[in-house]
Amino acid sequence: MDKTCPTLADAVAGIEDGASVMIGGFGGSGAPIELLHALVDRFRATGSPKNLTIVNNNAGNGGIGIAAMIAAGMVRKVICSFPRTSQPHAFNEKYASGELELELVPQGTLAERIRAGGAGIPAFYTPTGYGTDLAAGKPVAEFDGKHYIQERWLKADVALVKAEHGDAYGNLTYRLAARNFNPLMCMAAMHSIAQVTRIVPLGEIAPQDVITPGIFVNTVVEMPTPRQEETRVRDQEVY
Amino acid sequence: MDKTCPTLADAVAGIEDGASVMIGGFGGSGAPIELLHALVDRFRATGSPKNLTIVNNNAGNGGIGIAAMIAAGMVRKVICSFPRTSQPHAFNEKYASGELELELVPQGTLAERIRAGGAGIPAFYTPTGYGTDLAAGKPVAEFDGKHYIQERWLKADVALVKAEHGDAYGNLTYRLAARNFNPLMCMAAMHSIAQVTRIVPLGEIAPQDVITPGIFVNTVVEMPTPRQEETRVRDQEVY
Amino acid sequence: MTLPKLTNAQIAWRAAQDIADGAYVNLGIGLPELCARFQPEGRRAMFHTENGILGFGPAPEAGQEDWDVINAGKKAVTLSPGAAIFHHADSFAMVRGGHLDMAILGAFQVAATGDLANWRLGASGVPAVGGAMDLVNGVKQVVVLTDHVTKDGKPKLVDTCTYPLTGVGCVTRVYTSLAVIDIDPRGFVLREKPAGMSLDELQAVTGAPLHTDGPVADLTAPKVD
Amino acid sequence: MTLPKLTNAQIAWRAAQDIADGAYVNLGIGLPELCARFQPEGRRAMFHTENGILGFGPAPEAGQEDWDVINAGKKAVTLSPGAAIFHHADSFAMVRGGHLDMAILGAFQVAATGDLANWRLGASGVPAVGGAMDLVNGVKQVVVLTDHVTKDGKPKLVDTCTYPLTGVGCVTRVYTSLAVIDIDPRGFVLREKPAGMSLDELQAVTGAPLHTDGPVADLTAPKVD
């Protein structure tokens, strides 16, 4: 069993038109920018994959990563908690023109729905959003005298994540708070693809240090020199 | 903020009659045997705490730990997935005589109910147990054509866990697969008490290596020479 | 009339005086973030950020940022000894599960019922909610920091929120530029106001009745920034 | 009549031939555990245990046990390179979330509908369920290993389970001491039987109709223990 893959382009080659794609990271931390750019390259060369639904906490910043995907016209819908960023023009333009659908989900509910998708929990109750516009249409139930709304699991065809170390079985670690949504998304996707700063030999990640067990990961690709979103946005980079 | 406590006896001094007590471990791995024995000592000396409801995967083995608590007559109810052990006499006797109530919960549902208690999720749906005697009386719902049963969160007044390292803020690590239920129980209890093999200075546990963040822990007590349940049972130890 | 208003930093300073030693606290983006600067000597709160850090420290020097150590506002922070890192589901388990002692948030409007509106001004524009709805429904105590009135002088403390709600009956204390106010079943209960301002003057810029309950203390804060 | 039965080890051997390289597999306590010994050369399955290990290896030498590295049966195992450790909620996320390819379980009874009874023999005694109900409702393929009949000769493959159910319609393949049987909407579909036993003889010790669907292969296994 060897889940490693030689190139970023190979890693994203199987993503189909209309796919739902979870993209890890919070702002730039843990964002798999280079995998996203490989996907943009493929779209520019072949017209695919298009009509994507993407799941992320945000909706792209500046002209790179998710913003580049949106600007390229690959994205039909965004599921996120906070589309506002320092440079939100890519999202704002497509949203204002009606080309891009938005499903806004409270951040904790987003995290829990993704975890539920990975954990085989089809629905759960949360107090979050009760009595607000974001609860519209959702079943309400009372437990121990308090009101809760029912939320459904969220799964995806593909997850794209950024990790620090990865091995041939797909075990992953993350750099500091770059962990954020990444381990959850690996659990909730049919096919999870991780760009890692370094592919390490089996056993180099001690069993108790594994954050994402390999069972949740399908493809590991090495990207030894990832450049952080914050740096790219500061440099006004446009992909 | 200093959550360390000088003695095992002090650590368990506040547990009240009738309390619900989650006890970490799977078999002997991760079982806080010495904390349990401190509790047995207190009961023998003072008659308290009694009428406890305990939550564990099992229901005690041999004459130590949970089995010693049951034999001492401190326990009114056990919530567990698997009361059968190699030497189950303490549980079996009290159960047969009707002195001990049993709530049997599938292992994964037990883990998820505890996590839900810690995560503020009052109820969730699971396929586990659908169509069986253990689903009796539970609401059933259909999602995407499949049947699920509704399960409620499980919380407790106290959690007793065994960890490897702990610091003054309550951050914990666990030794290998001694992790099991321990991190979940710390989340789900009003007051979590950890016996640790070593209290380490703040910062010695790197932030990314913390398994249980200190927010879930109230008391840390050092027990540098814990003796594993398996060894004690083999030695026919009776506490 | 020029109101004897506290500055934003002074509002944050005032709120910070009520954060207990060892409290677990989430600070909202913007004005609430300032509270971290004004912890009274001898106290240390444990600050939580939604993206998965507990116990972070102050911002690093410019040029020393590590962009994998950021807060919910995507600003660089630092890791203090005893900090912990975790994923988003665990982070919101802390929030939703009632493990945090205090959430300090900004507001567009706070109602006398404790309802909070702070995520959307209306139907136009791009909505963004982040973790606000999770915080107001999970954290033990939700307090709001805000100017007492809008930029054009309208009350932000109101009878009923007219903007979309973030949470129902969730706010229990408000620190404004002109008052410290508790919210209980009676509604707004005034605790502190500027010495130079009468209750009637304060009521005139407040959108719902201000109750009192014993003496009202003077609202004061040192010069801070 | 002495039946040409496979031994327990041979049943496990036969099942092990169908475990794919790289498959994620949970082995139940007892007979199913034996499958790990008989992996065909060149294949390596990743074994999962409910208490939080993925990729564990064989039992250690006596005296070398580490009691913090155990399986669901509380037997000592070892950690292979590439193993991972996690808590119980994550462990059952793997199970319930459909991430495991195969669960290999024992049984008291299996019905032609795929219903499984393997946790309780009746209303008396101490019930114990462990992770069985989670496994049968979450893992992609649930197979059962069992003697074909009970100790007193009664069928364990039945029309309807009389013991309390573990799961409804969950089993898709059964490896017994006398047969390999698939379960599909028709019921039991015989795939392999001992060369020396007729279909009628096998049917006589089976509690529900055995369908066939093309040729029935010979059930064979080497001498193993």
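Should a chain be cited, it is by its letter among A, B, C and D, assigned in written order, with residues numbered from 1 in that chain.
As a convention for this text, a residue touches a chain if its C-beta (ideal position, glycine included) is under 8 Å from a C-beta of that chain, and two chains touch if they have at least 3 such contacts.
Note that the structure is predicted; figures quoted are calculated from it, not measured.
Least step count on the touch graph, chain A to chain C: 1. Simply put, of B-C and B-D, more C-beta pairs touch at B-D.
Rounded to a whole number, the gap between the C-alpha centres of chain C and chain D is 57 angstrom. Computed from the mean C-alpha positions, the centre of chain B lies at a distance of 37 Å from the centre of chain C.
The centroid of the Cα atoms in chain B and the matching centroid in chain D are 30 Å apart. The residues of chain C that reach two or more other chains are 53, 79, 85-86, 89, 92, 95-96, 138, listed in rising order. Shared interface positions of chain A, defined as residues touching 2 or more other chains, are 112, 115, 119-121, 126-127, 175-176, 179, 207-208. Shown are all chain pairs that touch, namely A-B, A-C, A-D, B-C, B-D.
Listing the residues of chain B that touch chain D in their complex gives 26-30, 57, 81-86, 88, 91-92, 95, 102, 104-112, 114-115, 126-134, 175-184, 211, 228-231.
The part of chain B that touches chain C in the complex is made up of residues 1, 115, 117-121, 167-169, 171, 187, 201-203, 207-208, 210, 213-216.
Those residues of chain C lying in contact with chain B across their complex are 21-22, 24, 44, 46, 48, 53-55, 79, 81-86, 89-90, 92-100, 138.
Residue ranges of chain C in contact with chain A, taken from their complex: 50-53, 65-70, 74, 79, 85-89, 91-92, 95-96, 120, 126-134, 137-138, 164-168. If you check the complex, the residues on chain A that touch chain B are 112, 116, 119-127, 141, 143-144, 146, 148, 152, 173-176, 179, 207-209.
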